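Once you scroll down, you'll see the structures, which are given as structure tokens.
There are two complexes below, and they share chain A, which is joined by chain B in the first and by chain C in the second.
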Partner chain A sequence: MTSAQETMTSRERVLAALNGDPVDRTPVVNPTSIATVELMDMVDAPFPDANREPELMARLAECGHTELGFDSVMPVFSIIQDSSALGCKIQWEQKDNWPTVKMTEPIYDSADDIEYDIEALLAHPDTQCVTEAIRILRDRLGDDVAVIGKTMGPWSLAYHTFGVEPFLLLSLDDPEKTKEVLQRLKRITIDFGVMQVEAGADALTLPDHATGDLVSGEYYHRYLEELHQEFAEAIPAPLILHICGRTVDRMPYIANTGMAAFHYDSKNDPAESMEAVGGRIRLVGNVNNPETLFARGPEEVRAEVIQNLEAGVQMVGPECACPLQTPLENLRAIPETVREWHAIQESE
Partner chain B sequence: MTELNEVTNEFIRGEIDEFVERPEERERMISMFAACRPDMLDIGAALIEGEDGVVDELTRAQLDAGTEALEVMDDGLIAGMALVGIKFRENFIFVPEVLACARAMKAGMAHIEPILSDAGIEPVGKVVMGTVKGDLHDIGKNLCIMMLRGAGFEVIDLGVDTSPDDFIDAVEEHRPLVMGMSALLTTTMPNMGKTIDAFVDADLREAVKIMVGGAPVTPEFAEDMGADGYGKDAMECVAIAKQLVGVGSGA
Partner chain C sequence: MRRQSRTELGRRVELVSMDRHHEDISVGLYVRDGERGPVATVHSYSGRPGVHERLEFIARALSELGGLERLDDPLELRFACGGWHATAAKRLFLEACKHDPATPLEQRPLEAPDARTEQQIVVEPLGDGAYEVHARGMSDGEASRAPAIAKGMAKLAQLEADEGERPVVRFACGQSHDPLVGLLLGRAQNLRAVMREEEMKASRGVLAAPSAQE
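On to the complex of A and B.
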């Protein structure tokens, strides 16, 4: 199967798709992470060091384009860099496991506890590592490949700093205090995001885990919709909101935020999701990680990629950070299928 | 067939009417609550509303007045939680509301557990529970443990970030009938399979029934890994545990 004629660079393709402009083919994007143990070994950039040393972080991220053929690279593999800088205890783990915030040892009990020096936070080695890795990638990849950064939203930061259970109970017991928590944390989202854009990031993923597995769509509307609108205005780059789980019930609200795209989970049907957002925000996704990319083969990956393409999803990629043992042939099947599908469309 | 108006508590009648849609389940709820005394329904209603202070007060008052601890637990707390489970499953409520109900149940159980323990009531079975290696999320596991204990199981909680070796050590030490593993992240789900493989390698797979759950886990994934049971939520976890130990599900 020959590929369709490609007239854009990967970076042009991603930026055009994020902007809602025409593209030569659907971009293959990784807004979260496609780092695997195999790639770590290939370029000698293992976890946990690849989360803490800029050169290793950049080298592992670059594989997303050079080894797998994605149109973007994402150096922020985890969701803990800003929380680490904020003072959360981190379990850094080993090569075959993800670093995680120790949420059972929260650093805040109430909104009044939230105090941080934003300059110190942005100068912390774990946030600086990200901006330095972005600079390295920008320098190495030039204008050919889209470099995506990541800044955590205040809802996720609240999970990390209060613990998930205490924060969810607070959200029910005291909505005003909950809003105060989010207001006090939002500067981290904005300033860390702006710092990455200034370092050369083309776009940012903004994970804010108000997932349908935990809270209602109404919660998203009540607590986050306006804040996300504020982020879209304050951060001078296209934003890709990431929320795991079933999210169709909140997609109409998400579509109001002015963000460029929503990175959605395989629990949501592509066609139903496209209908829910009504063309007001682009979708990225949603190849299943644990059952398809990790445990099945390229044929099953192809089927899910095609389902997204046929639904008109604007950017295709894994639904979330993929398991570290994901076979590379399955990840490579994503861009291969996109090219084949477009070639068929063109020939018809 | 028992009629809805035979449930004497107006709030619970309203809850059944509004939230319990499946006919057989509606019939079961009506019949269950109609058989409960009004004082027990008050406890159940407070639990459904997530009022831990009220549940604490009413439970203590009932026990002081001589009501059997098992009646308060079954007809007040567990009956209330059964309705909460249905509302959660049908997406009428979400985790924050369930956590508030769980907090209320815990407030009641704090009075009941010592009485049951002193009375030497034999547990339905023993369960070892933990969140898998690399995963520090424990809300789902904690809800399951609370419901299992409420249903009469003895539960050994291994906490979060539990390695395959820790699961094996716990099974060898406690000899449970059932082991439960939870994962919230798609990135840590494969560690469930690794843990099951470790049991096979250690020649212990036949020693314990293994059930799994967690937001991203599906029945297909559970089957592929070789788990014996999968529960979508805490209510199903109890039903599966009962099946695995060979008692009626009752859920």
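On to the complex of A and C.
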């Protein structure tokens, strides 16, 4: 199968799609990690070091384009860089597992506890590692490939700093205090995001885990919709909101935020999701990770990619951070299928 | 080391994410269609020193422990029957990677003492790829361990299990695989531990949403 003629660079394609402009073909985008243990070996950049050393972080991220054929690279593999800088305890793990925040050892009990020196936080090695990796990638890839950074939203930061259960209980018991927590944490989201844009990031993923399994759509509307609007205005780059789980109930609210795109989960049907956002925000996703990319083969990946393409989803990629043991042939099947599908469309 | 492309390697069958015997590199077993049936390749993307020698050792272990035939390429192998036993190949690969390089590679016998009882477990080849499991030395009134071990072997390698009273398992290809059966015999005695190990392996590297983390 020959590919359709491509007239845009990967970066142009991704930025156009994020902006809602025409593209030569659907971009293949990873707002979250596609690092695997095999890619780590390929470029000798293993976890946990690739989360802490800029050169290794950049080298591993670059594989997403050079080895897998994605149109973007995304060096912020984990969700802990900003929380580490904030003082959370981190389990750095080994090559074959994700670093995580020890949420059983929270650093805050109440909104009044939230105090941080933003300059020190941005100068911390784990936030500096991200900006330095972005600089390296921008330098190496020039204008050819889209570089995507990541800044965590205040809801996720609250999970990390208070613990999931205490924060959710607070949100039930005291909405005003909950809002105060989010207000106090939001500066981290904005300033870390801006720092990455200044370092050369073309767009930012903004995970804010108001996930379908724990938080309702109404909750999203009450606590996060306005804050997310504020982020879209304050951070001078396209934002890609990431929330896991079944989220169709909050997609109409998400579409109000002014963010460029929503990175959506495979628990949401592509056509139903496109209808829910009504053309007011772009979608990116939603190839299933644990079942399809991790455990099945390229044929099953192709089927999910085509389902997205046929629904008109603007950017295709995995639904979330890929399992570290994902077979490379499955990840490569995503850009291959997108190219094949467009070639067929063009020939018809 | 030359970086092989996906089309050369074929489909990945199993992956060891961190090889404890060689610098925590990842090592994979891949399979593709060859002229004389499926061809397996032991591969790592790591370019660290000594990787090729390590992969050669694993290929040799697949051959010595599991009876796979080695091909001209020292990292390529096939089942002697010309077919492909995917689950058995996974199990064998994991055992080959675990094997301490300092200890000799030897085919396991079709007889072993049971780990839980005083019984001696013997596997008898019946021909046409079938094997019957016997237990000897049961004390008075003690149940034979043979049916449980046959069941474990069938589960570990997705072998066909006879529905009759005799604990018989068989390879679908209808050919004998004595070394593989010797290997399975040891692991089938503690199936629960194997399953636990597999569950732990499957959960590593899968990022849970913060709401599902601790």
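Throughout what follows, the second predicted complex is superposed on the first by the 348 of 348 C-alpha atoms of A that agree within 3 Å, B and C clash if a C-alpha of one lies under 4 Å from a C-alpha of the other, contacts with A are read in each partner's own complex, and residues count from 1 in each chain.
Simple rule for what comes next: a residue touches a chain if its C-beta (ideal position, glycine included) is under 8 Å from a C-beta of that chain, and two chains touch if they have at least 3 such contacts.
Just so it is clear, the structure is predicted and the values come from calculations on it, not from any experiment.
Aligning the two structures on chain A places chain B and chain C in a clash. Look at A:Ile79: by the touch rule set out above, it reaches chain C but stays clear of chain B. Once chain A of one complex is fitted onto chain A of the other, the partner contacts of A:Tyr219 are limited to chain B, with no touch recorded for chain C. Once the two complexes are laid over each other on the shared chain, residue contacts for A:Met103 go to chain B and to chain C alike. In the superposed model, A:Glu38 lies in contact with chain C only, and not with chain B.
Of the two partner chains placed around the shared chain by superposition, chain B is the only one that A:Leu169 touches, whereas chain C remains out of contact. Within the superposed three-chain model, A:Pro46 lies in touch with chain C and out of touch with chain B [touch as defined at top]. By the touch criterion stated above, A:Arg302 is placed in contact with neither chain B nor chain C. Residue contacts after overlaying the shared chain place A:Arg339 against neither chain B nor chain C. Once the two complexes are laid over each other on the shared chain, residue contacts for A:His65 go to neither chain B nor chain C. Taking chain A as the common frame, chain B overlaps chain C at a single listed stretch, which among 2-10, 110-118, 200-208 or 218-226 is 200-208. Residue overlap on chain A between its contacts with chain B in one complex and with chain C in the other: 97-98, 100-104, 164, 211, 213-214, 244-245, 289-290, 294, 320-321, 323-325. For chain A in complex with chain C, the residues that touch the partner chain are 33, 37-42, 44, 46, 79, 94-98, 100-104, 156, 159-160, 164, 209, 211, 213-214, 244-245, 289-290, 294, 297, 320-321, 323-325, 327-329, 332. Only residues 50, 91, 94-97, 99-100, 103, 133-139, 142, 160-161, 184-190, 215-218, 220-221, 224 of chain B touch chain A when the two sit together in their complex.
Listing the residues of chain C that touch chain A in their complex gives 3, 6, 11-12, 15, 17-18, 24-26, 28, 44-48, 204-207, 209-214.
For chain A in complex with chain B, the residues that touch the partner chain are 91, 93, 97-98, 100-104, 164-165, 168-169, 171-173, 211, 213-216, 219, 244-245, 289-291, 294-295, 319-325.
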